[in-house]
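Below you'll find a set of structures to go through.
Same chain, two partners: chain A is paired with chain B first, then with chain C.
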Partner chain A sequence: MFAYILRRLLYAIPILVGVNLLTFALFFVVNTPDDMARLQLGAKHVTPEAIERWKVEHGYDKPLLLNTRATGSAQLTDTLFFQRSAAMFAFQFGKGDDGRDIGNEIRARMGPSLAIALPVFVIGLLVNITFALLMVFFRATYLDLWGVVLCVVLMSISGLFYIIAGQYFIAKLWNLLPISGYAGGIHGLKFILLPVLVSVVAGIGSGSRWYRTIFLEEIGKDYVRTARAKGLSEIRVLFRHVLKNGMIPILTGAVVVLPLLFMGSLITESFFGIPGLGSYTIDAIQAQDFSVVRAMVFLGSFLYIVGLILTDISYSWVDPRVRLQ
Partner chain B sequence: MARIGAILLRIGLLGIGLLAGCSDSWNNPYPDTDAHANVLYSAFSERPKHLDPARSYSSNEAEFTGQIYEPPLQYHFLKRPYTLIPLTAEAVPTPHYLDAAGKPLADDAPADAITESVYEIRIRPGIRYQPHPAFARDAAGHYRYHALDAAAVADKRQIGDFTHTGTRELVAADYVYQIKRLANPRLSSPIFGLMSEHIVGLKALGDTLEKVSRAHPDAELNLNDFPLAGAEVVDRYTYRIHIKGKYPQFIYWLAMPFFAPVPWEADAFYAQPGMADNNLTLDWQPVGTGPYYLSENDPNRRMVLTKNPYYHGETYPEDGDAADRQAGLLADAGKPLPFVDKAVFSLEKETIPYWSKFLQGYYDSSGISSDSFDQAVQFSAGGDPRLTDSMREKGIHLVTAVAASIWYVGFNMLDPVVGGQGEDRRKLRQAISIAFDYDEFISIFLNGRGIPAQGPIPPGLFGYVDGVAGLNPYVYEAHGSKIVRRPLEMAKKLLAEAGYPNGRNAKTGEPLVLYFDTMASGPDTKSRLDWMKKQLDKLNVQLVVRGTDYNRFQDKMRKGNAQLFEWGWNADYPDPENFFFLLYGPNKKVATGGENAANYDNPEFNRLFERMKDMDNGPERQQVINAMLEIVRRDAPWIFAYYPKSFGLRHDWVHNVKPNLMANNTLKYRRIDPDLRAARRAEWNRPVLWPILLLVGGVVALIAPAVVAWRRRERTTA
Partner chain C sequence: MNLDAFHFVPVLLWTDALIFMLLIVALATVWWIRRHAHLRAPWAAVARRPMAMGAALVLAVFVIIGLLDSLHYRERLDDSPPDRPQYSVEVLSVFDALASRLRTQQEKTYSAPLAMHLYAKEFTERDGATVRDYPRLKYGGAHLKQADEYISDIVRRVFVGLLQGLAGSLLLFGLLASWQARHRQMKVGSWLSAWGTGHLGWPGRTVVIVLALVLMLGAVMARLAAGYHVFGTDKVGQDVFYISLKSIRTGLVIGTLTTLVTLPLAIVLGIAAGYFRGWVDDVIQYIYTVLNSIPGVLLIAAAVLIVQVAIEAHPDLFDTSAARADVRLLALCIIMGVTSWTSLARLLRGESLKLRTLDYVEAARAFGVSHARIISRHIFPNVFHLVLIAIVLDFSGLVLAEAVLSYVGVGVDPSMYSWGNMINGARLELAREPVVWWQLGAAFVFMFALVLAANLFADGVRDAFDPRLEERR
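So, the complex of A and B:
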């Protein structure tokens, strides 16, 4: 297994280089270093000299991909792409255009993102699986029918609506929880409850429908009939046999997103004032801060690859037939 | 089933108990211990980019830097028109003029004869900096934290992580040091380009520093080693600034944080290895002499300003007019400032939570977004804004002010269709100016938050003439004391005279098609652009909208590729020069990259501008301004759209609020009544418990039939 993981990690290097190159190309097609300088220097009294000075100070005066003035390997290394990319493979992200250390920012923001994303993930998974199993238990009854209708209704509502409705009713009308904000430690609990509740409810529709489909597929299989024939109760059949065998597709969806929980949620964090990573990328795009954008894209790609590897590993755990070679 | 119901009820009650144990008001985002504290609560929607006074230029940054840094001058809190008064200076300096030979000239010497203006500023002794580790010394008098290595700094994330702090007296050299910092290429000060045109030797210093910086990119630039001819220390408390020629507007720059003092110790402290890696820089951890210092700096969550224990002291102004007295703005006259112990600014990106928290009493003041405008404000039959009943019941007050800003639609004067100084082109622009009904625009899109502009100078600035006497006669006409837009027939007549009868080229018969470049985006953009098209439809002229992003728009403007465009300007200082220079020929964007986006260039206007900018306010200057207004109104290089009006709300526990659009250090005047606030918060935020009980009941009601069905099925299968 170790050799497999190592091989997968090595495969990740060209993928990350490619992602980095693509991000670089896309970013600089839209924004020239001059544009970035203008945005940083503000709209007033910006002279061409000031723009040139800013570019020099921030290293944006170098050629993008090929330095024709240099010789030898410096033609490739003395470029904006190389100098901004090489250090990232050692997770040295450098500084944003506002002068703040990106690594520090990421470390500081991961905690708040996780504080929301992890409970949403765990509670959401439990609630969705339970609800799905209940629908399967009552399949072909009015409870199942109305359960599916409820899921479709929940799926059809925009995520933003849940946030606004949650804030309006729970925080504003009933005064039960703070409408937004964040604090560390135990004091942060009251700020986390509302976004977690809203996110879990918002995910019930799609999650439960997905798991219901998986369980319905399993419940028609021979081993379930055998289990029933042995005289097992329906609850036992569902939780001991169907759930266990339905774990592979569940893991496919769940484990792959596990590392990405660090990246947070843009809209939830923005509306609830959570200082996480979710809004960091979009803020950087708006500020045309290439250093932060490439760092976040790199991190996102890396975590996604880690998620895929974890999924493969988890397959072999839950299904003895799967072997990693 | 009964057992499950009981369990759910217990969980619900446990949750209630937990929350109740947390706070009297469950939705209170602040610690209960601060309920009666003398703390002002506010919010910021965008995190500041720079807090270094040499770099910071945005209003959202000035909200912090204005309270921390003290330039020599400030604007009087109450007086209008805006009046400069000393802050750390002994007096507002009067420039002395020198000729080419360095000989003194009379105060009324003609501008042509003046080679240099010298501003001598004497600061008050005894002013001290905020507590900061950069000043901390050991028993032997050596700086404790000026020889740190990266290992010693590794665990320091905030200024509070340093055990010792110190202070020192403010001296004139600190002001000179900061002026030199404007030329530091590593800081990229946004005003370096502008100031190097005015301050003697600043450009040369910038060039020298750039060379040194390139030669030694890793070495720290010690600015004390580089002289600046235009800024000299006379004695411990006096310094002089030498300005090229005559530049009367320079006095206003002395009220901005760009000219606030920075102690060399701060630069030396932050230049140490490892500091920048931990975000310990002057750009993020300011050091000033102001009434507050930044005690908590987490731009991702909240920023806290705390009262500076070494503040030199200042008293609330005693001179205000009758309206100020009536508004209670002189109730605290003569009392020591600042009133508030602490100001907490929380990051609030979205308007909905901000507005809700304001209504709950968790923010002391708020703007009014378009979403909540109708909830807050209604207009009387006479068009005056007033608060809705629900706002008045809460004791909320409305604060309005016309911003020292203008929005305009510019004509690119280099464009072959709409540009140029020919009479036909002028009439075309005048016709379009009449057709664009900005009175309607203000009503539809701004909820009445604006005043139709009559020229480039907004109200509150010298040169602005109120009422009928100040109307733009090419677009408006007087009906008694009312100002009314000229009829559309006049626009059509002008259009025909311009060679486009009924919107068609008289020679070719082709329809007139104009192009409007915009970077507008947002939910109401389409309706706004449709409105613009409709305005020209009235003249049978087609308008093609070319939407683009910020970068491409700027690019088009620099290259002069736009035809019509929308732009705005906020005043740097309350002088008409700061608006007229937007139309001064030598500032053309295409030729020079200047701020004259319309590329307007009228020699007579330019001549008058050069005269006006050096004049003191008075009847003679007003006469010149009137002549300039007449030229730009006739030439119509802009459609003067509107002067935006700001609407703000405050709770009745917040006192001493008077909009001052020039000053950014007004936090020190704010006074709050924390006990009243605590009482109102408790009254407004009583938790409503029935939804929890209903939810528990609802869950039981949902589960109960399922449990019944499950049991029945189990029995059946058994």
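So, the complex of A and C:
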């Protein structure tokens, strides 16, 4: 098991290097440090010396991929790409354009992101499974049919609509909860309720329909027929057999996104003014702060790979037939 | 061809060209499928589903509007000399020409749906004194002399529209009945009774009812739009109904052209990985794990920012702002396509892995059939249903994604009509008193109609094509 995890972590390195190369190509080759300097300095102050000075100040005064003036391995290591990427692997993200340390920002903003994402994940899972089980219990009746139609209708509504409608009706018109904002601790609860509620409702359509298909697939299997033949009640069959086995694909599907919860949700956080990583990213995109965006891309990829490894481990854990080697 | 004789010059934007190419491919595919019984069978199953057929009809309305809006041209300026004609920088479409009233009847600023008065108060001269009041609109309800005619005028328009729609659908229904009766060599009466009891073999009742509803809705809208702004006007006084209709094309382009980019990548790489295995598989798996591991929005945002920089650096490449916006739309489609082929490729890889071990593929290989031939004759036809299901399922997701991306600021060009831009421009106006809700409302209603129709149609297609679902039934 330990050897397996170690090997998977080693496999992750080339993938992260690939991610870095891709984002580096996107950000630096097309938008060179000279362009960045010109953008930051503004049209007035652009002189070749000023650009050089800006590049030295911000650490961009190296060749991009290959340093022809250096010798030996320094040809590859004394470059912008290597310096920037190697620092990433040590989780040293440097400073954003506003001069703040990105690593500190990430640590500070993880909490608010999780405060929204974790409840959404857990409550969403419970609500969706409940709806899916209800539809499966009444399968092949009109209740099931209309349940599916309702799911499709809910799925067809834009996620932005749920947020805007929730903010308008619940917060503005009925004054039940604050429109946006955030506070730590127990006082923060009133700020968290609305985004969580909106996100859970927005996810019901696709989530419960997906789980319904999973449960329906289980219900056609032989062990269910055996259980019925033993004379078990339908409720017992559903909860003791179908639910348990259906949880295997559901849980393993959920494990992939578990680490990514740290990243928060771009849209929800920016609408509700949550100072999490999602709103951090969206601000960086809008301000074209490439060092922040790169850091977030790296973090996201890293968490995704962690999620993949966790999925494999959880497979072998919930299903003893699967062995890791 | 000498175009000087005309009063316009046709404009073929990049997305127009691709849309019409797609249309030709689609028509060719339909023709191909009609000739092969085994391909026809699942589509016949789709055609038997009332929900899918009703949705297809609604989709067809959207597609027709989108296609009309893709035939672009530029008008000749009236004062330009005949020997050296000059053309307007404004790119119009056939749809614009049909809806020219909606396009040109511009008010000063916001006005509510079906309103006669402007949203904001203004100082106006009345009877020699200056009063501050809501001024009458220039076009909306301008034909009414007195305000008390308003209600009766609206009711009359709705009523006339309903009657026209009903008459139109009855006429169409009559034509359908007589054509079908002759086609099947039965009496019109017996066809009607088969239709009424639902024994046609296709969901005739649903189709006719949906058709009647669509026609009535269209007629009512047309009646109302002739005298009012049905969905009000936006900040600069433009008709929101017109903007919503124009946005249909943007939504359709994103939903279809993105898939067009996805398909070759997903099919070639997915099948190659599954069929050849070995190092080919390793390389392709590496590529898609890398792409997959980058959060989608971030990758799209990065690429769009770069395209934006590139477009701004070369303003001389585009002769009109429409051409610039169009290239950005195309770039968005390509970027979304490049970032979203991975899930389909993984699916195709898994299926090809299974297929390559089947006896008939082994036999073909033993006979020395080339790889290209095995893939095109044996592998591809057997994974095609997965491709088709992916196309129809992805469409609605892409339409919804456009709104989110435009909100983030990395969607379509801000000058382009799209539901995402409508939502983005209107969402801050909710804080106003009284609330400006009609822009948001119109965008969400149109988006919902298109996405719901697409989802219901996709469900029908999936149920008909997915062999796993077949076994369960």
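By definition in this document, the second predicted complex is superposed on the first by the 310 of 325 C-alpha atoms of A that agree within 3 Å, B and C clash if a C-alpha of one lies under 4 Å from a C-alpha of the other, contacts with A are read in each partner's own complex, and residues count from 1 in each chain.
Methods note: a residue touches a chain if its C-beta (ideal position, glycine included) is under 8 Å from a C-beta of that chain, and two chains touch if they have at least 3 such contacts.
Note that the structure is predicted; figures quoted are calculated from it, not measured.
Superposition of the two complexes onto chain A shows a clash between chain B and chain C. In the overlay built on the shared chain, the residue A:Asp101 is in contact with chain B alone; chain C does not reach it. Look at A:Met296: by the touch rule set out above, it reaches chain C but stays clear of chain B. Touch counts on chain A: comparing chain C and chain B, the chain ahead is B.
Looking at the shared chain after the overlay, A:Ser316 reaches neither chain B nor chain C.
In the overlay built on the shared chain, the residue A:Ile164 is in contact with chain B and with chain C.
Residue contacts after overlaying the shared chain place A:Thr252 against neither chain B nor chain C.
In the superposed model, A:Lys172 lies in contact with both chain B and chain C.
When the two complexes are overlaid on their common chain A, residue A:Gly273 makes contact with chain B while staying clear of chain C. With the complexes overlaid on chain A C-alpha atoms, the stretch of chain C that clashes with chain B is 114-122, out of 6-14, 114-122 or 276-284. With the contact threshold set out at the top, residues 30-31, 35, 164, 167-168, 172, 288 of chain A are in contact with chain B in one structure and with chain C in the other. By the touch criterion stated above, chain B contacts chain A in their complex at residues 19, 22-23, 25-29, 31, 47, 49-50, 57-58, 185-186, 188, 190-194, 210, 214, 276-279, 281, 283-284, 298, 300-301, 346-350, 352-353, 356-357, 359-360, 549-551, 554, 572, 593, 595, 685-688, 691-692, 705-706, 709-710, 713-714, 717. Put simply, chain C touches chain A in their complex at residues 286-287, 289-295, 297-299, 301-303, 305-306, 309-310, 396, 400, 403-404, 407-410, 423, 427, 430, 435, 440, 444, 447-448, 451-452, 455-456, 459, 472. Interface residues of chain A facing chain B in the complex, by the touch rule stated above, are 30-32, 35, 38-42, 44-50, 53-54, 56-57, 95, 98-101, 104-105, 108-109, 134, 137-138, 141, 143, 164, 167-182, 187, 190-191, 233-235, 270-273, 275, 279, 283, 287-288.
Those residues of chain A lying in contact with chain C across their complex are 14-15, 18-19, 22-23, 26-27, 30-31, 35, 152-153, 155-161, 164, 167-168, 172, 216-217, 220, 260, 263, 266-267, 281-282, 285-286, 288, 293, 296-297, 300-301, 304-305.
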